[in-house]
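Common to both upcoming complexes is subunit A, partnered first by subunit B, then by subunit C.
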Partner chain A sequence: MDNEEVQPTRREFLSMVGAVGGAALMYQAMAMMGIAKASPYAGPIELGQAPEGTRVIILGAGLAGMVAAMELRDAGYAVEVLEYREKAGGRCWTLRSGDSYEELGGAVQQVDFAEGNYFNPGPWRIPYNHFGVLDYCSRLGVELEPFIQVNNNAYLHSTKAFDGKPVRFREINTDYRGHIAELLAKVTDQGALDEMVSEEDKALLLTSLRSFGALDEQNAYVSSTSASGRRGYERPPGGGVDGSPIPNEPIDLSTILQSNLWRNIAAGESLNTSMPMFQPRGGMDMIAQAMERNVGDLIRYRKKVTAITQDENGVSVTFEDLENGGASETVTADYCVCTIPFSILSQIEHNFSSQLSNVINSMYYASSIKVGLEFNRRFWEEDEHIYGGITYTDLPISMISYPSNDFFQKKPGVLLGAYSWGATSYQFNALPPEERVAKALEYGAQIHPQYNEEFKTGVSVAWHRVPWVLGCYGQWQDKEAQYQDAVAMDRRVVMAGEHLSYLPAWMEGAILSSLDAIKRLHDVATNG
Partner chain B sequence: MNRFILAAAVLASLAPLALAQEGTKPEADDSAALFASPSVLTQKTGAGIYGAVCAGCHMPEGQGAVGAGAYPALADNPTLEFPEYPIHIIVHGQAAMPPLGSVLDDEQIAAVVEYIRTHFGNDYAEPVTAEMVAGAR
Partner chain C sequence: MDNEEVQPTRREFLSMVGAVGGAALMYQAMAMMGIAKASPYAGPIELGQAPEGTRVIILGAGLAGMVAAMELRDAGYAVEVLEYREKAGGRCWTLRSGDSYEELGGAVQQVDFAEGNYFNPGPWRIPYNHFGVLDYCSRLGVELEPFIQVNNNAYLHSTKAFDGKPVRFREINTDYRGHIAELLAKVTDQGALDEMVSEEDKALLLTSLRSFGALDEQNAYVSSTSASGRRGYERPPGGGVDGSPIPNEPIDLSTILQSNLWRNIAAGESLNTSMPMFQPRGGMDMIAQAMERNVGDLIRYRKKVTAITQDENGVSVTFEDLENGGASETVTADYCVCTIPFSILSQIEHNFSSQLSNVINSMYYASSIKVGLEFNRRFWEEDEHIYGGITYTDLPISMISYPSNDFFQKKPGVLLGAYSWGATSYQFNALPPEERVAKALEYGAQIHPQYNEEFKTGVSVAWHRVPWVLGCYGQWQDKEAQYQDAVAMDRRVVMAGEHLSYLPAWMEGAILSSLDAIKRLHDVATNG
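Moving on, here comes the complex of A and B:
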């Protein structure tokens, strides 16, 4: 404990890094400490050699479980994985034509998409800085393609503004920037910033504001070819007789502020949502399938864990074998990696430490709902020139995301027609699947009237109704106080999964959690 | 439509309202009034709140559901005997169940606790008040 007191504080440490190594190293150090939120993934894990004949049982064949299985097997451990479902992947999950999904309550949805079309109920995009996910994709040969997160030609929409009509993102974004640049230029000219900005910097500030906001030479944001070059024209530049462009009129500042449409302007600027983003070609579960090809021979499917106990000699896991009429069976191992979501684990008998048990019993799982809608025609491309990206709305569907694959093809396409959380999601969750789809259609048609003509089929996943996770991702009662209790290895058992990371609900969180867990397990196994 | 059936339908639709005026709490099911607010539930009646939130996991007849884990049945559930217990769980959450104290107010929680304690085979007549919920926050 005394040692800790002479260690530098985080702030002192970072100042030191900045002084010695400059901004790049500073950023890297901050990223490593989770401050700048880039992934601290540092390349393939090198565990070394497992002690002869050491057995590890892994509970759950999602990404955390399969990463643990691959790496521990490669280090020489004897690995066995128990999985409740009939397939691997967990929440890294894709629904395609011919799939059938039964949710809690018994409703069954038969997915009837056109060949090649799909819907990702869980993860649906990979940030460029989620180095762990990207590295496993690379190592396992998962083909990635761009995911269009930001599309200036998609819409911003409010039921309470612009008569309920959607407005192009580019118009709101350009006009908002133009107006605030003009305001800032005005107060700069009026001397309001004199005490804060030097004369030299004021000149540079004004020059930069003209560029940033598409202002004219008088620092005004007005109808102009430079503004229309961003927001769109009355008559766009062309050729021949009518080739000269006619700019259009910006929307005034008050209207933009009152519309609240500025709310989503920065949606594509966080580290986790800025371009470029990626998706596996053919659906997110291409990652799960690739891992399953690598490690599937170690997985025993349709095993429902009912008890986990450990003593000084090992770990015993009892399960119902759903392949065998629910017959009870017990397997033993030297160590256990448990990736079962705490929503499920809190209902399983165990003898974990009281600190760990307290966290397991207090973690609740978020409500979230997604609806996938397939249309006969890609009208968003053909009629509205929207190629991927996201439309944001204050309707209960929250957003519409357009597919980032199969552009320009004359075939049906699948939209993410709703992605909602919180109070809205609770209410969607209480509706039968077909009514969720009907609601998503009803709301989405307010933005795209073509919905009514072109709808083909739909599927919805309300995460509280998913039988094997009971929610979307783990939420803490008090993360700061509880986190170390939950990630600490409890004698022979270590927990892993997105819930045990600071990238909750992201696949990267599951992978980083798993790699950290097996590193510590290996340390205990080799050094006691 | 047959005039008699129409009249019967109108009467049937009015009946819950008539009961509501006599009783202390409205009995009408307003669960279909969805999504009035992005941040809270706006249904007022016990049946409405149950149908708009609780039924999603505990199921429409309170029968619960079983997968890798289970949602407990509320039907014929003796743990509902003392209203403080469900009130506490709804306000603060328990295990996988999220706390709903931020999306339901005291009156709503009182109404839905009263509803589950008097439906699905449960018969606990003691009224549930908003004050009891306020005390549990």
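Moving on, here comes the complex of A and C:
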């Protein structure tokens, strides 16, 4: 991508749009094109008219399946959705009081949260740049509220640093930035950058480093009110007689480097995890519920697909009807959108191409553990002034995320008490739910001793034990080599879901994958 | 402050607290003491019992005055509050449809916003570390919602850079960090840090810089998916056939340095402006209204104080009763809490000490302009995907802040269209309200051309023209020399307000000042 070549063309295009359509249209075009773009979503899909009487069967009523159902129905297709579970939403899932969940192996958890409390075992936050999710929320009337991703007052914690005590994010972040700004300023003064940076830019660089790193006039990072104004004070500014602030001492660079706590400083910088973020008011499955209200009449629940076969005339799907003692039934359609996770699909009989079959059989699903812990009071707010955000730790729980709803309420609150995957999840993977909860409690109490006194109830979802997906999200053996084989329309069947996207494990990936899949299905259906 | 000396004492103290009072108490103590403390507020004040029949007159029913009224009344004092305006709250003030506001000079503005929309001319956000404000909100039932201070998708704008086009915060922030991390990594490799950083730490520094700056394996900041994953892509990751991302080109360091846009990178790092922040649902004056519900029966409105005199027996306050044709009246009390801004107090007859009088006469009040602009649609969200947060600019409007309420709603929205002070406000200071609004529109349209088509109505408050304060906040001639003279109890009178704090212009400063003032007043009243 040669930036110099691309940009003039863009500007010319934008001027043209501006001349024809006015400033607002030009801005919409700019926002869509971006200079550095944040999303490929280009607004509501417009499929055009379906060929008369064309039937599409959709497998799976998760977000990918329901988006396909909505849009294909609106284009005039005759749509039927088969869903294994008794409800729609898939991994867009929320547990509330009264819910019961049985994992693989038979362990059953009864959720017993306080009124209004909930836990999202799957997706739990929506980045501002996931325009597809946001647009469906807007169109379906799902109310969104801010999700606090970045909290300067949350902790960074390592069992191997600071005697195992948590340190506020603001302290590590401010001090790391201060020290590296100071080092760079020093070597700039010493001439080390002379061959890389012009004289004029060096002066600007020094000025900018003072601002960026809270350095003093001599470009030093030292105890000062400007540093403490970011990291915290010995005595913070107040009112009256003792109002004047007293700064405190920064942590030295070596201690910070050796603590490894710098590893999470950039956690809030990625497009997918930077402010602002959002969550549906009341739980993530408000999105699933809204979609289900829209297409629920097209969904047939508790149908376990056992075979998918296609020929030149159409697609046949055979399933066990779990509402009818498992009786076998077969339905046919002209086309099929299959959103069944490959972990499940690999166990289903089908006659897909060998290329596609290879991908289905080689994709593995990441194991991941989440634990929701409810406490009698919101001690993280009341005692520690942590309102939302995430504490990162090297403990196997990996993080603690504080709720972004019901701030300041005097009522029980639910923490994400563990979100572990890969190596950090090994300590949890083999355990039954109540022991996973106990382990999350035991680890978390190293950061919040209040855990021991305030614990009320917990719930844990180990994704590799979720019967209808067997893992958290699809992982590729060789994505670069396999991806196009997997997304390509296989005669009359097209795959969709988060696993067929470059936003794996995100709802946005499922939606964008589904939109692209049905666009191609529609092209085939209309143009042959 | 010798950190090595102080810390062991603290730890010993905390262990002691833990042993006696358990983990929760230990954590409360830790939160209060902090290692790097964020607030001096130590929880609700406990004054104890007032001497029988002691009367206190409070001048001004802003936040400082109402806090004093609440707490002194609760301690048993007989409290009376005199307020110049027809309502309480002072600078904690919200304008809504139907409101009318006359500024000095006689210009009247009629506010005509859509239902539910509002504009806060004064305080507009509450830092998470303003524990005093948060505690009163909690005690008085003021519902708070997140205020989005940091928005990576908002703009940085300079008339002198990028052809005057705004650039997303995430682009400047990511690229600046990337470039300085790369420079520091290079000189580290070249040995320039050998005398400052140990070998072991140098290896850690390089690893940390890769993470901090999104550098590649060779410690270079280049076009990559890791950099674009923060700054934005040429083609962002999506789903289906074109799902794979294509990174774009960073902006070079020289361009960024010369653009001066780095100047606002650290805007979200200060304790007072870092995430999370909050706002009352419905407007900032929800705080004033809640306090007024609590102490409204003690407030006498539309009383213009003309003289304050004290002797060994008490305090006399003379006022014009604006509800009664300006008739003069005098009330007496044992003590007085005076929260009248010094800009006004300097025009009132009094017999305070010469030291205090000197401060009153020498304090000047900052001029500052705010403009609220209502637009027919929330184009910043719909066209530009900016949800809350602040765009910084070198234009005289200084910033545009996007509302943190009613996200994604299809209705008119109100922007803070200008917040100017000091040199940036000179273009606004002499103008009548409608011309200030017009100027804010004209400037803002350089960033958002949609201004021209979507403008609905506007309102502007120039603080130097607000009759009851004549400025935005108190500024000291020589704070270090004068502060203790001003906060000291002057026989039977004590001053309180934001101007008597080290959090000037913040509600927290007013509250902390008031709490400290009444504690000392109570000490004098009880111990003589």
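In this section, the second predicted complex is superposed on the first by the 489 of 528 C-alpha atoms of A that agree within 3 Å, B and C clash if a C-alpha of one lies under 4 Å from a C-alpha of the other, contacts with A are read in each partner's own complex, and residues count from 1 in each chain.
The working rule: a residue touches a chain if its C-beta (ideal position, glycine included) is under 8 Å from a C-beta of that chain, and two chains touch if they have at least 3 such contacts.
Everything numeric in this text was worked out from a predicted model, so none of it was measured.
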Which of subunit B and subunit C A:Trp468 touches, first, second, both or neither: first
Which superposed partner A:Leu298 touches (first subunit B, second subunit C, both, neither): neither
Contacts of A:Arg170 with subunit B and subunit C, given as first, second, both or neither: second
Subunit C versus subunit B, contacts on subunit A by residue: C
Which superposed partner A:Val524 touches (first subunit B, second subunit C, both, neither): neither
First (subunit B), second (subunit C), both or neither touched by A:Leu140: neither
Partner chain in contact with A:Leu206 - subunit B first, subunit C second, else both or neither: neither
First, second, both or neither for A:Ile344, with subunit B first and subunit C second: first
Set of subunit A residues, in rising order, touched by both subunit B and subunit C: none
In the complex with subunit B, residue positions of subunit A that touch it: 84, 104-105, 304, 340, 342-344, 346-347, 361-367, 394, 396, 422-424, 426-427, 429-431, 439, 462, 464-471, 475, 477
Parts of subunit B lying in touch with subunit A, wherever the complex brings them together: 31, 34-35, 37-41, 51-57, 59, 65-71, 93, 95-99, 103
